[in-house]
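Both complexes shown next keep chain A, but they swap its partner, so chain B is in the first and chain C is in the second.
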Partner chain A sequence: MSKKVTQSNKTYQIRPSFKDKFRPAEAKEKIEKILREKLKNAQYSSSELPQWTREIADQTKSELKALGKDKRYKYLVQVIIGHNSGQGVRVGSRCFWDEDTDDCTYVTYMNDSIFCLVVAFAVYLY
Partner chain B sequence: MTSPQIAQPGQNLVPPPALQNRQTSHTLADTSTAPLFNDNSTSFNSDQVQQIAHMAVQKVVGAENMVYKLDKVNQWCQDITDTVTIELAKLQKPFKYAVTCIIAENKGTVLHTAATAYWETKKDGLISVQLGSDSFYCIVTIFSSSV
Partner chain C sequence: MPQDSVVFGHIRQECEQLIFNVCNKIFGPKEYNQTQVATLISQTNEESVKQLLNNNKNFKYMVVTTAMQKKGTAAADHLEMTADCYWNASTDGQSCVRWENDHMFVFVTLFACAL
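Let's turn to the complex of A and B:
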């Protein structure tokens, strides 16, 4: 029965199916892996950081797409990297969206020299 | 001419405000007077959003002689994101918003941020506002994705 529905073009579906829903935990794992690979023993260098931020953002985006969730999901990614020198940083976020379909996840990575935060949002397009 | 007539009975059902706006903008576009009614348009207005972000930051941490305080930052961050989302919701546009706010102590260190998105580039918008003082700097990023 369910096969029939997925094969048809007209499903009139306005919500992702349970299987295709964005799962923050799943995405978190993927992002953690990227950060571990990219920033292992990384030292602060002002020339390389801008490139790293962009690379991490792009990789995160493509990993999220590769999760193979519902095709109508939009992904928003923000990466913050800074020099870890004991200064205070506070990041907060608030969203105005559909609690049921949309979700967000974040990953932090820290070593003696730098800290990195990745925030990813998945927003469903009806 | 037929589309507004079809839209009429639908309005009796009192659709949500966002939907109402969308219908009016369609009829306006048909009469090619859309630019005059930019405030009613359902498209992303980066100026407006930027203003909102500016205003929120000024309101919360804009006062002179503000100094970074560990026990206050949490509250500031919450206030800024709250104000921005509430103001954005008041625009009554068919958008979903994700707002992030970074407040970092200014000790001469560097902070890099990058944002990417996989979305409809024509409809959706990304705004980032940076304001700083001697003691800290504040970066507000707003993702708005059309519904």
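Let's turn to the complex of A and C:
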């Protein structure tokens, strides 16, 4: 009696492969480019600020997805824009995640009228 | 049971309350001082994550704290924050806690991704 051996195609991945791992430096470059394009010579305007934040957040998220990293990554992007009027601002973050697979990157942009901070997180789903 | 929940929507209220209490405790009536505020933010982040984990271990938490000095003029006190996320909308979630005293605004954004 011959036994049929079936090959299973399931791979229970709990780690991204090395080449599919999220690289903060790559993401940082892309985000810097977006900020330069969008905010070059931008002047503070209280009506346009909400629109800019939304556009930057959407574009950043699309770029991160387009980086082509492992499909099991979740992306989170936060954009903060404010009027550069000499007040003090401080931003800090803390995360509870898996050091091997997850990472974050941040990009700041300033001109004499506005300041902008983009924080992007990539979290792996097991 | 809230302790075992794997959906962020169920525990959102508790998390917001925890973070608000942490801000109250750590920032209190303090003034905005460049050097001091960096430590305060660090402490807030640490304490928040610790308490969130105590509450519910089924998530990866990302906490971003922003402190902005109050300058008193309408134009100066304008800050816009937007978050965009690519995740599982049924289990993951975010929440933003706004806290202020007479000298500064504190915003704590929490992202929680289900494990």
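Criterion: the second predicted complex is superposed on the first by the 117 of 126 C-alpha atoms of A that agree within 3 Å, B and C clash if a C-alpha of one lies under 4 Å from a C-alpha of the other, contacts with A are read in each partner's own complex, and residues count from 1 in each chain.
FYI, contacts are C-beta pairs under 8 Å (C-beta built on N, C-alpha and C of every residue); 3 or more make two chains touch, one makes a residue touch a chain.
Computed from a predicted model, the values in this text were never measured in an experiment.
Visitor: Return fit or clash for chain B versus chain C, each positioned on chain A through the superposition.
Guide: clash
Visitor: Figure out whether A:F121 sits in contact with chain B (first) or chain C (second), or with both, or with neither.
Guide: both
Visitor: Of the two partner chains, chain B (first) and chain C (second), which one does A:R94 touch, if any: first, second, both, or neither?
Guide: both
Visitor: If we overlay the two complexes on their shared chain A, which of chain B and chain C does A:N111 touch? Say first, second, both or neither.
Guide: Neither partner.
Visitor: Determine where on chain A the residues touched by chain B overlap those touched by chain C, and list them.
Guide: 46, 49-50, 52-54, 56-58, 60-61, 64-65, 74-83, 85-98, 102, 104, 119, 121, 123, 125-126
Visitor: Within their complex, state which residues of chain B touch chain A.
Guide: For this pair, the touching residues of chain B are 68, 70, 73-74, 76-78, 80-82, 84-85, 88-89, 96-107, 109-120, 124, 126, 141, 143, 145-147.
Visitor: Using the touch definition from the top, list the residues of chain C that touch chain A in their complex.
Guide: Touching chain A from chain C are residues 32, 34, 37-38, 41-42, 44-46, 48-49, 52-53, 60-71, 73, 75-88, 92, 94, 109, 111, 113, 115.
Visitor: How about chain A: which of its residues touch chain B in the complex?
Guide: Residues of chain A touching chain B: 46, 49-50, 52-54, 56-58, 60-61, 64-65, 74-83, 85-98, 102, 104, 119, 121, 123, 125-126.
Visitor: Any idea which chain A residues touch chain C in the complex?
Guide: Listed in rising order, the residues of chain A that touch chain C are 44, 46, 49-50, 52-54, 56-58, 60-61, 64-65, 74-83, 85-98, 102, 104, 119, 121, 123, 125-126.
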